[in-house]
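Each of the two complexes below includes chain A, the first together with chain B, the second together with chain C.
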Partner chain A sequence: MNTNSTAKYILKKLGQLILTLVVLSLIVFFVSRIAPGDPMRAYYGDRVEKMSVQQLDDARERLGLNENIVTQYMKWAGSALQGDFGISYIYKRPALQVVGEVYHNTLLLAGVSFILIFILGLLLAVFCVRHEGKTIDRVICKIGVATNSVPEFFMALVMILVFAVTLGLLPLSGAQDLGGGGTIKHLILPVAAIVASHLWYCAYLMRNKLSDEVRKEYILLCRVKGLTEKQIIWKHCMRNIMPAVVSIMAIFLPHLLGGAYVIEMVFSYPGLGQLGVASAQYHDYNMLMLISLITGASVIIANMIAQVINEKLDPRFKTEEIREVE
Partner chain B sequence: MLKINDLIVAFETENGELTAVKGVSLEVAAGETLALVGESGCGKTVLCKSMLKILCERGNIKQGEILLEERNLVPLTEEEVIPYRGSGIAMVFQDPMTSLDPTMPVGEQIAEMVMIAEQQKAEAADSAGRSAEPELSGPGGCKRCVLGAGLALANSSAADDGKTEPDRRAVRAAAREKAIELMRLVEIDQPELRYGQMPHHFSGGMRQRIAIAIALAGQPKLLLADEPTTALDQDTQAQILALLKKIDIATIFITHDLSLVEDIADRVAIMQNGEIVETGPVAQVFENPQHPYTRKLLGYLDYGKGRGHSHRHHFLQAGEALPEGAAAPHSHGDVALHVHAKDGERIILQEPLVEIRDLKKYFPIGRKNVHKVLDGFSMDIYKGEILGIVGPSGCGKSTLARCIMGMLPLTGGEIIFHNAETPAACTIDGPQYPYRNASNWKQMIFQDSAAAFNPRMTVGEIIAEPMKLAEKKRPRSIFRNETFETTCQYCKSWKAKMSMRDRVIDLMKQVELDPDLIDRHPYEISGGQRQRVAIARAISVDPELIVADEPVSSLDISTQAQIIHLFRKLQEERNLTILLIAHDLPMVAHISDRIIQI
Partner chain C sequence: MRKKLPVISISILAVIVIGCIFAGLISGQDPYYMHTDQISQAPSAAHVFGTDTLGRDIFAIIWHGGRISLTVGLWATLLSTAIAVVYGCIAGLAGPRTDDLLMRFTEILMSVPQILLVIFIQAIWGEATVLSIGTVIGLTSWMAVAKMVRSEVKQMRNAEFVLAARSMGGGFFYIMWNHLMPNFMSAIMFMIVTNLGSAIAMEATLSFLGLGLPTNVISWGSLMSLSQNAMLTGAWWLLIIPGIFLVVTLICITEIGEFMRTANRREKLI
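Presenting the complex of A and B:
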């Protein structure tokens, strides 16, 4: 019975996931078609003006642009399922291939920032709760709100000015030194900019959650047991606030991705964000759709994972009942 | 063993300092059970928490000393006091629903305490030399033997080198063994299986057992039990009490209910307004109470046990002759009423006001299942009686009340009302009751009136609201000193000029409530006063039927007795029919004419 219900649970979650992804692809496809601009110009550049009507029609035919929009979607979705997301109009290569060359940069940037924000946020939250109401807590809160209010591109520019231009400690832009290497060095400033502007948002939510938690009655029992404050927070509170914290982090992921794309632009860091902006500028539909799809899917999957982890972490979510042995 | 000298505890509030404990001195000897009795708000819990130094940030020990085995705990800092918790003083809290960590298996929570206690003892032994150890695991009952075995096992492994990994596993296994022994001790079936279950798999009584097991796991010198049975129903209460009685550790048992004290305690301390007014052996205090407050409490105890006077009506069976000397039953229109026998006892004719036939109420659980709360329930409520409904929590008492009030749609069956369509009172006793009409002839009183009142309305507005609704005026529009003039909508004869405020004050006097409270908000008055407001609100439109859903459950015993008597008084004055729902049998039995157990 147990394995059966687990299988059912997995099937249910998978079904939800697939449905959401289909809706996402629909939105991505139709919104990008509605957007103004001429894809022919993107593909052929200035040559469009020299082409005859016959040539234009042929080109449309070849690119599949003269068909009914629903048919276009069906074709696109069908080939997308087989891993073919069309040809990038700018690069004249499969879009997936182009994305494949840069995605790891973004993954690294966003991943490192995400983990750092999670760990630092939690530590900061615990620190603040243990000193709640004292001066140090209040000072941290004020500083946190202030840094959170500075837009990340401004933060990034200031950092470039101080560390790259004035002090010359760290590289100004790009993901690697010329000829490769220096990945970490190039990562420090962008990550710092993202973390600095997003950290407090998470830390503050965690701090409030934790501060509510330490006022609950079972904490009193823990104190009566003779546990120290540190043990109570790490052993008992953490497990209880984890579901909430995981949800916070999952909801936070879109903010972080958006932030990372902006930072990529500022640092000319070759990643999905930069690619996305460029393809939007030049009406590179296929590329744009692929990037939107990747971003959207990662957010959806992150939320789904958060949900599953929640249900695993908090036993109250489980519906199954342990029965007594007769 | 424990000695408290002249302890003063105060809280900082916005309106200056509030002294909760005013110079209390106490003594508990080893193995003794001391019962600390007092009404809610008298400072019992604060006293307890100050012994463990777990008062909230705003609470301060102002003066005095707490001596645990000659060691004063008051000047110790938070870190210094930690070794005294658990293995020194343990505590069981009032509400087992909230006092366990919801995400940790119960067994682990007990094992955790076991391990902490081991550690504390190891540290104590280190600092005080090995000589202290035999004393700690000293002689005791069968429980100590059981605990001793686990302890010896854990100690032998912890003694060599507590840091290595296999060793830690051994300690953990020993703690697990001991936790299971403790679960068996507190009478939990199949402890091995239940070790890994979460608190939400357990009922309230079981959780309280777990809480007791946790407290025992540290082998404390002193156990503080803060109303450990108040949140539980009658049967569970008795079981937990029996369990606590079995334990031979020095205990301070806190309660507001004197009736529990007789069986369990050796000595009693009566507390009032932060002071201890009387202490002594149980027998002495019960037989020969010195302080007037103690006598008052004992008086309420008599009601609770049904020892005192009775207010019950005598039922006249159909066909039974009237007792000699009784006046002929006088009839108020449709409402057949009481017959007065010569000794003042009142007799009710069995004429139903509400007939409930085959009532079914199901609640859906998930998409497919239903929870059958009431399945084919039938009963009658007779005119002019107080009908008590008693049953454990979850048996459908409140659902029944809500069905009668029409707040829940029925799944099946029917409820037939025989209320007077035309207000009887208008034609007979004169125009006393201008509000009696078909729509608000039944009123309800809720258990938790703090939650049932709008916190932004004053007491006066709350009481006046049903009257204004009956007059079809906007509820809050016309309160302040507006003259109130109405004609009875049925007989057109009665006219009165009375401000709404005066009517509210009149009602407040009827429920024995100080009229000065009229402009207070619900959170500014006590629980008993709030319940009186709820009653005043219910009777304001002069209903025929009042459904009271556990109206006294959240109050302490002296207030309970007052409220219960108020019900009886109003019933007699106004010829009400009251459906009284409770889980507490004696209190209901005291005034109800009939009792139905679900």
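Presenting the complex of A and C:
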């Protein structure tokens, strides 16, 4: 592959990314504007009723609400590009600034859960496939299906009830002790709740993929060569299903983030989810838009990364894609 | 791997559904009546499941709450299925460019977690009602089914019976209803059942978080949201009993969905 086509390829990927982000922002913007409620109320809340006519007109002018919706979007997008997503109505500060203070908590919570689910899911998948059809596999599958249908918030509640209220082992809520510290202690229950309610989603898909893989013909050759089951699965099958596993994890990301947001709410864990729910309750649309955009953008970027990893793992992905273009 | 009909799940679900339909008959008590002298009582003979923080009998409330939860779930599923079928058929029958555009759009929508979309739209809609919350959940959960419908339609768009119907001047909805839907409904049925489960779970989550139904409209979720603080006082039944009803319903629905999925796959193999 020459440099020219690689450059073209990167440009194309970048173009796709930008286009997707623009469409996402369009959706978010228009949904918030077709609101039956008055956008003024979204900005100023109940204060709207106390404003004079002159003040209302000024505010309308300042917010650009007198212009048509396309111009409004252009203006909004222009300032968004400069990092200005408007003022958060609850916090009376730039929305981006408020998000900037808590996003690392969500990143930590979701990141740790993601890695744990990836590792545990893979291990569970391998274990199930090695015991496929046996009682233990069937039991795990049953338990998995059951945990997968328990809503996250209930899983979290039960965990709080058992480990925090009854046994008093772990803290009930928050991300840190009063005055800082104890981050890990505060992370255990939320992470456990996320992992418990989402692990099977990934493990099941991986299990099915691996189960198909061990039925392929090259496995027979491996056996004839005298490789052990462990070697076959970890050295040969893993390599082949890795692209699929990466795709699974990419598809899973929005589920994980949605789950993390709910869990944050239940544990009063300061993060994007708690911020999002609070801003929905108090009609802080600027904040909600920003959080939706951040979440959507991170999922889209993660999908792109997954695609790139897959192309590294399996060059066939790339050549196919490029052939498609030409 | 042959799977037997999930008799247990079906019967449990049937009991819950029938119980909810005939809620008034089963409980025999007014769910909204507040026994002000018996607040937050543990399960006892008088109140089988105890009473909540407002003194309402939980056994009576639970069946009435189930009615709302199931209604929201059914309406959301109906709506999302309708959108998914029409959208998927359009994408499947359209030319490659339109198809690509439509599918990109679903991918973008799928990149935002459903809970966030629901919260977003519901916040704009205003105060949640049974109808609005079902509609919002339906509007945000059709994407996966639509993708499946599209790929099914793509496989049969050039089949003789579709071409024949088209050449005889059959309209889009005529072809969709008479020729396409009978062929793919069995394949997407399991996803519809799964959607029903997640719609019920979504309503419960939202109501629990205080973003869904207000607490005076009883559903399993709003019932539990009342008792967030009760947990600390040790009134576990306020949470666990509605929660168990919810979880059991969801597990039964999932089991039935799983059965449909494997049953469908078996048909295809033959």
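The working rule: the second predicted complex is superposed on the first by the 299 of 326 C-alpha atoms of A that agree within 3 Å, B and C clash if a C-alpha of one lies under 4 Å from a C-alpha of the other, contacts with A are read in each partner's own complex, and residues count from 1 in each chain.
Basically, a contact is a pair of C-beta atoms (placed from the backbone, for glycine too) under 8 Å apart; a residue touches a chain by one contact, two chains touch by 3 or more.
The structure displayed is predicted, hence computed values, not measured ones.
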Superposition-derived comparison: chain B or chain C, residues of chain A touched: C
If you stack the two complexes on chain A, which partner ends up touching A:174: first (chain B), second (chain C), both, or neither? neither
Tell me the contact category for A:276 with respect to chain B and chain C: first, second, both or neither. second
Which holds for A:223: it touches chain B only (first), chain C only (second), both, or neither? first
Let me test your reading of the model: by the given contact rule, A:133 touches which partner, first (chain B), second (chain C), both or neither? both
Quick one: classify A:303 as touching chain B (first), chain C (second), both or neither. second
For A:146, decide between first (touching chain B), second (touching chain C), both and neither. second
Do chain B and chain C land on any of the same chain A residues, and which? 133
Interface with chain C, chain A side, in the complex: residues 20, 23-24, 27-28, 31-32, 34-37, 133, 145-146, 148-154, 157-158, 160-161, 165, 254-255, 257-258, 261-262, 265, 276-277, 279-281, 283, 285, 288, 291-292, 295-296, 299-300, 303
Residue ranges of chain C in contact with chain A within the complex: 1, 104-105, 107-117, 119-126, 197, 201, 204-205, 208-211, 224, 231-232, 234, 236, 239-240, 243, 246-247, 250-251, 253-255, 258
Chain B touches which residues of chain A in the complex? 133, 216-218, 220-229, 235-236, 239-240, 313-316, 321-322, 324-325
Please name which positions on chain B make contact with chain A in the complex. 52, 54, 57, 78-79, 82-87, 89-91, 93, 95, 98-104, 112-113, 116-117, 120, 189-190, 193, 197-198, 200-201, 211, 214-215, 218
